[in-house]
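Read from first to last, the chains carry the letters A, B and C; within each, the first residue is number 1.
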Amino acid sequence: MASNSVGDIPFITSAGAEAGPASIPASNNGISSEPGKQKNPRRPLRRLNPGIILPLLAGVIFLVLWEYQVFHRIFDLKKYQLPLPSAIAEAMRDNFSLLLSYTGYTLTEAVLGMLIGSACGFLIALAATAWPRWGGGSLTMVAALNAVPIVALAPIMNLWFGDGIGSRAAIVTATTMAAMAINAYKGMAAVDPLALDLMHSYAAGKPAVFRYLRIQNSLPYVFTALKINATASMIGAIVGEFFFSSRGLGYLLSNSIKVAKMPLGWSCIVLAAIAGVIFYLVVERLEKVFIKWHPSQRA
Amino acid sequence: MSLVATKIPEIQLESVEMRYKTETADVLALHQVSLDIAKGEFVSLLGPSGCGKTTLLRLMADLITPTAGNIMVAGKTAKEARLAQKYGIVFQSPVLYDWRKVKHNITLPLELMGVKKSVREDKALELLDLVGLQGFADKYPWQLSGGMQQRVAIARALSMEPEILLMDEPFSALDEFTRERLNEELLSVWSKVQSTIVFVTHSIPESIFLSDRVFVLSPHPGRLSAIVDIPLPRPRTAEMRNSPEFFELIARIRDSFEGV
Amino acid sequence: MKQNSAFMRERVLPLFVWIFGLLVVWEAVSWWLLNVAKTPLAQSKLPYVHEVAATLWKYSGTLLKEGGATFGNAGVGFLIGALAGVILAVLMSLSKTIEQLAFPYAIASQMIPILGLAPIIYGIVRDEQVSRIIISGYITFFPVALNMLRGLRSVDLSALELMHSYAAKPWAVYWKLRFPAALPGLFSGLKIAAPLAVTGAILVELMGAQHGIGVIMLRNLYYGPSHTYMFWSTVLVGALLGMASYWLMSLAERLVAPWQPEFRPKGGNR
């Protein structure tokens, strides 16, 4: 039973994240070894034990209870409403190649949109820093855009860009722009005034100040935004696919629910979660490579 | 207003030892410290960084417990004294709560003791008067300068009328001029409240100007290396800083460091 | 931060110019699409601003009612989720074991596409009101819990020692120190979660509900080009609901936690 549903754990553990399908209703829980890594980098093994074993155990117990239909009894649910972990695992196995190709499709949309959106956001931040008076307004406009529900964007993007990959990339672009613009702006503005004076004493022009000081200074903030956007982009892509798509995890998910193929729907969530976690971890890895000098990266 | 040390020890330390275990080493922060502080006395703990003076203060305050030795405060253990709310503490930074107005910062300890609101408000105004901050009751901490914030912190420590006032380098973040003025104000406040004060500092002139006695500590391991009596008369005045006796005391204390 | 006092002149004026400029450009592009480029479905792609505004006005009653249904459900879920999040954060700050148990899941939940759950929850519950509340609550839960926990942890060590020296009881430490200190963290969580809660509620509606702004949005989309102004009105209302939820939280923050550095007028010392 439980062995059935946790079959994919070793694979993900080796990727630096532990995932047990469905512990909280979120169905899948990628856990980076973060708490251990951050608090005490020197003794990862010692910290590993309670910090990893405990949640892992809780996850397994949760799955077992689920598998034995304890939740079904408590909440009076039928198996077709809440499929068992074993059924979800089975659905994953049966549709593996389809799921994999759809995951790739969705991930492409997410990454593409996220790159475009983050680039736009960064440009907006540059403009807002260079010309505070008039550029600042653009920052407020993107912040407002950020509060617009994705679902309201989806139909419009569909009208503009058709029902292909472009429309979802556009949705993701719109949802990732704000976080980057706001964070990068914060980073560029939060420059040590003395460092600015130093540049001034070198008679450095505006472009040089940006090149040598502001952009460097904004990098930690940029990566914060990228991490936020990694997750946001997956959400944007999946939600975008709910409506006008004929491919992708979001499409399969909403379609499976409509035709009452619950296990298949759940397996979409599981894969989306795994893809989301991997995407996040990749960005985190890049952060480690690019800003080694930052205090947050020091042991 | 006799401020001469009486015979009853208010704070008594016996062979106090403090060890820290870190990942790499065992640090002996304090070694065999024994001292008596009399009721109503003003003493300073003086020494360079790393001599354990702050550790010593924190031991007295029961913020940490010694690895060996005894600490008695007013005939009780340090912990009992703390639970009986005998302490007022002033840290190096003012540690004011941003969300409370100045007067409510001052009355925080009284609130915790369950004192009535009307009594608290009166007390706050009285204390603001004492530390020279009339009219600032309804300001927020960030509207005050660093020196004013530290005066609020002192008023807060005094609000519960503590028997013992523990001060951990309270003025070290301030500029020299502000610091000297606050030294004088602290003495005038003390003459009114008559608490026992333990004052941690790394400034030799500050310790001399304020104290009845100066406990000189030296590092590696932190230990008590000298006790210097300050015979300057009270009340002390700003001019005393320029007196020959004052300079002589500075020289004596400096010598006691070189002897180490 | 430094141009805070000149805020009105420096910031608000350019903002109005921006908004006005955007509307003008919108109107111009709309006209261009329709009359010059002769794009098919031109008005669906970018309708005239004045037509949308007229529709908004004409159907304001319906839009308000349906928007209210969405906002109300999202609000209930949001409050429940926020409360649960605060409770979890307090429990995590009190107990190491609970923290070890829940923290990794809270972090993980930030990394996975939670909104994808909307159809599944609707599939389980099959009740639009309840599922709107559940999804809004669920979306709110983790950001609030994580940010609240960060806030509870942000307390200065000296401030804790101060409470210790006063022999303050644990509940007093929470009530007088940790909670007020955590408020900025709590509000940043609430501000993140509020628009998400609205999004979640609208999403549930699109799965097949009877009421709510999402329902008329979808309906008007299916009716085709003839209903495009109404469709765009619903989109605008949805956007406004999201922004309103954010501004509500910002307003609440200013009222509840006004002492924070970013709210201080210029001229405060240090």
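Convention: contacts are C-beta pairs under 8 Å (C-beta built on N, C-alpha and C of every residue); 3 or more make two chains touch, one makes a residue touch a chain.
By chain, with names taken from UniProt: A, C = ABC transporter permease subunit; B = ATP-binding cassette domain-containing protein.
Just so it is clear, the structure is predicted and the values come from calculations on it, not from any experiment.
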Chain contact topology (line, ring, star, complete or other): line
Inter-chain pair with the most contacting C-beta pairs: A-C
Centroid spacing, where centroids are CA-atom means, of chain A and chain B in whole angstrom: 51
Between chain C and chain A, distance of the C-alpha-averaged centres to the nearest whole Å: 18
Distance between chain centroids, defined by C-alpha means - chain B, chain C (Å): 49
Chain C residues within the chain A interface of the complex: 3, 10-11, 14-15, 17-19, 22, 41, 44-45, 97, 100-105, 107-117, 119-124, 138, 195, 198-199, 202-203, 206-207, 214, 217, 221, 231, 234-235, 238-239, 241-243, 245-246
Residues of chain C defined as touching chain B within the complex: 156, 158-159, 161-169, 172, 176-177, 180-181, 183, 257, 259-261, 264, 268-270
Chain B residues within the chain C interface of the complex: 61-63, 82-85, 87-89, 91, 93, 95, 97-99, 108-109, 111-113, 140, 142-146, 160, 166
Chain C contact footprint on chain A (complex, rising order): 19, 23-32, 34-35, 50-52, 54-55, 58-59, 77, 81-82, 132-134, 136-138, 140-141, 144, 146-152, 155-156, 159-160, 230-231, 234-235, 238-239, 242-243, 249-250, 253-254, 257, 260, 262, 265-266, 268-269, 272-273, 276-277, 280
